[in-house]
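After the structure tokens below, expect a handful of questions from me.
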Amino acid sequence: MIMKLVRQPQFIIGVLFISFLLFFSFYWPVLLDVNKQESLKLMDFLYDKEGRIIDAAPFSPSQVPPVGTDLFGKNIFYQVIDGAKYTILIAIAIACLRILFSVGITLLNPRSSFSFLNDIVQATLYIPTAIIAYIFMSSLLMKHSMEPMSVMKLIVFQCAILIGIGVPPLISTFSREIKSILNKDHITNTFALGAKKPYVYYRHVLPELSTKLILLFAQQVIQTLILMAHLGVLAIFIGGSSTVVLGDIFTPIPVSIPIAGEWAGIIGMNFPKLKAAPWAILTPLAFFAVSIFALNLIIQGIQNCLETNKS
Amino acid sequence: MNFSFRSYLKRLRSTILGILIISILPALLFGTNTQLEQNVWEYSIGEIKYQVFPDIFDKYQYSMTIFFLALLTSLFAALVLTFFTTLLPRFLQRIIFGFLTLLESLPDLFIVVVLQFSIIYIYKTTGLLVANVSNVYNNPIYLLPILTLSILPTIQLFKITLLLMKEEQHKPYVTVARAMGLSRFYITLKHVFRNILTSLVQYSKTIFVFMLSNLFIVEYVFNLNGIMNVLLNTKGVAFMFTALMIAVPFSLLFEIAESNTVSINNQEEEDAA
Amino acid sequence: MDQHILHVKNLSVSFNKNKNKMTAVSDVSLQIDKGQTVALIGESGSGKSITSLSVLQLLPPNGQLEKGSITFKGKDLLKQSEKEMRRIRGNEISMIFQDAIASLNPGMKVGVQITEGLKYHKLVPKSDLKAEALQLLEQVGFKNPAHIYEQYPVQLSGGMKQRILIAMAISCKPQLIIADEPTTSLDVTIQRQVLDLIDNYKSDLDASVLLITHDFGVVAEYADWVYVMLGGHIVESADVYTIFKNPVHPYTKALIESIPNPEKSQERLKSIQDFTFEKVGYKGRTFAPETYTLESKSFNAPSSLVEVEPLHYVRFYDDERKVVSIG
């Protein structure tokens, strides 16, 4: 399976792209030979050579290459590059934990139909995931505002929500999948020959499930990324936010500033000023799009592999 | 068609239970809200307070109009595009298919924002307002949200129909029809398309769920007064009521679609046996 | 040459798969006369169906007609335009496929499907289509055509579907019917019924039939002339009596031996492994026992059909032709 995957060009391109993005995100100050603090500093005004103010933030891509700055004059490109590692790693971790929890819960009682979870899954069809997440997140933030907790604790809670939202549908997928494997003839055969349950799960069910797991994992990463982007627009940031009031006295615009630098945060922070600085939102969105495309390539590669296995 | 009202009720009961769980779970986990003094049938966006009733029915109608018009648009567009693609040479078809995978990766948010900006950009440069980008007073906008909402489903449906088409074109009955001297064009139109439409029913659930989620983003970014905005901002009983307004008719649609696909599958199993 | 209604000459067809060229049919020649039933017999994968599909030029997209000619009533089919070919398909040559279950469009009433060809070729005015369909259904033995007309394929049994397919194939009154294993997917009890239908049509209209099968029992009953195919080659051809009386090629012998014979019920039924490949040591014949592996080089060694007695051809290796003698 692994050997076959390595021969799939789409899979390799996808994996290479994601790892390159991560690598670049960690070492960009060295690679681009810039000072991290310097390039991410706030810049309220732009000066010309003689030191006169020419413009106030946000600056357009032509003023600050390559893609302009946000409301505070922070360079968007560097922000996005720096945020890549948080975004991708958080998404991967959440997807991973979703899969782990759901497989674990399903294996606890593989024959059960989880009717309680099924109800939730039925309901989640009609309510967009972003709204469900928002309901939970806003309650959490409400609590946070009344009795503040440490940033670490908040992040843990938020991640727990993001994980928990993905688990019920996954459990119903897995229990269906495992049931269909258990109903196969060779499993009945193994039981008939006197195998113990744990042995059958370990030797037969999990290996058959493994390719499906990789596939679901990649899909879950994509879903998490999209969910994060949506939550960003709804001004819910991982790690919480601090609110800054911009604009003049007559038209105050409260803007939430995310504490962690991930892409969804950048989108959410710039969303209220969408029309003034579109580049500040389009750049991270484009990065979202490209990463999701890379993940789709990986999925395509896995699926190609599965098909050739079948035939 | 073997739709049973009983299984619909079962599905509905499960949905209602699920919605109930979702709406009380946050309060259970993170404590009750302090806004107890607030009226349940009232919600606020920013500083402005809104009443749920009776506006919700207008909003509901508005959202559903956008939803179903977008659905029809994308279905129509996908079928037309598929038809023309099948007339193209093989390597072009492959390029189109790859391109679709690329387009499919675009997040809905990206498409909404880009579309909004391109229209503003066109307006700024040429003075031509293709469509209103946000609600002007009480005149709700239709064109742009429908267009935006239909883009991603079009891509998905296009891809699905292309795949189905490929599968369908290699079925023996097509060879039989060709052996009777019918032309490719005629077979595609009269036989293949017909069968694709019936198999599309089994994808309807995925597409609907996907589109509901998109509808939310479209409403939020364009700042439309739709049902999804109500859903986002209400809590407790009002939230449940809104969610049910969406769930009841849609679950009926799903039930009908599923009862049909199940019967098709059964028939195939009977054939195999 | 023109007395043959169909004359296939030196036909070779190959497939491209993953840049490998695979020859499916090589150097096949066959003739069908008017009013004759010709059987093409051989195991699965021997190229029977490909031969028949190339007659109608309906090869799958990766299939390629390498060389040869196909003449139908004096016209070279390979030189006809696509439009002309469409007129010939269904109208003059029609085909009955082996997989009756999948060969009907599941989403269309069978009655409508039967007359598709008539409608397309505009042989019958639109208003008469239904009457024509009912008549065809009756012709293929349905007692209640009006009821069957309204059915969808899933509602019919395998044998009924195959009869529908036959009704469809004969709807335009073609002069040649290619029946590609018409009985494979059917119960033994219905096989006869289906074959009789084809045979009746043949004798009623003095048409010809190319019967593709792997069942020598069927051949004995219906065919006038037999071609035995193996691995893309024709290995033996003769009229049906000669083949049964005096089979020469080991593969033909094996096929005939494997027909159950009630008089020798004590003996084990011969299967191809048991029989030929251990005991008989023919030399000089392609696919003789010791060379019966598709991988071996000798399989592709030059060989040609030799007339061992009048109108009885058997394939031999070119360099060992002298060994030939008739026992």
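As written, the chains take the letters A, B and C, and residue 1 is the first residue of each chain.
We adopt the following convention: a residue touches a chain if its C-beta (ideal position, glycine included) is under 8 Å from a C-beta of that chain, and two chains touch if they have at least 3 such contacts.
For each chain, UniProt lists the protein as follows: A = ABC transmembrane type-1 domain-containing protein; B = ABC transporter permease subunit; C = ABC transporter ATP-binding protein.
Remember, predicted model here, so these are calculated numbers, not experimental data.
> Which chain has the mean of its C-alpha atoms lying nearest to the mean of all protein C-alpha atoms shown?
The most central chain here turns out to be B.
> Farthest chain from chain B, comparing Cα centres?
C
> Please report how many Å separate the Cα centroid of chain A from that of chain B, as a whole number.
About 23 Å separates the centre of chain A from that of chain B.
> From the mean C-alpha coordinate of chain B to that of chain C, what's the distance rounded to whole Å?
One centre to the other, that is 50 Å.
> Express in whole angstrom the distance between the two chain centres, defined as the mean CA positions of chain A and chain C.
A distance of 59 Å separates the two centres.
> Could you say which residues in chain C touch two or more other chains, in rising order?
none
> Multi-chain contacts in chain A: which residues touch at least two other chains?
Not one residue in chain A touches at least two other chains.
> Mind pulling up the chain C residues that touch chain B in the complex?
Per the stated touch rule, the residues are 56, 58, 61, 85-91, 94-95, 97, 99, 101-108, 116-117, 120-121, 154, 165, 168-169, 171-172.
> Can you name the residues of chain B that touch chain C in the complex?
Interface residues on chain B, with respect to chain C: 90, 171-173, 175-183, 186, 190-191, 194-195, 198, 267, 270-271.
> Considering only the defined contacts, which chain A positions touch chain B in the complex?
Answer in residue numbers: 115-116, 118-132, 134-136, 138-140, 142-143, 146, 225-226, 229-230, 233-234, 267, 274-275, 278, 281-282, 285-286, 288-290, 292-293, 295-297, 300.
> Considering only the defined contacts, which chain B positions touch chain A in the complex?
11, 14-19, 21-23, 25-27, 29-31, 33-34, 101-102, 104-110, 113-114, 117, 120, 205, 209, 212-213, 215-217, 220-221, 228, 231-232, 235, 239, 243, 246-247, 250-251, 254
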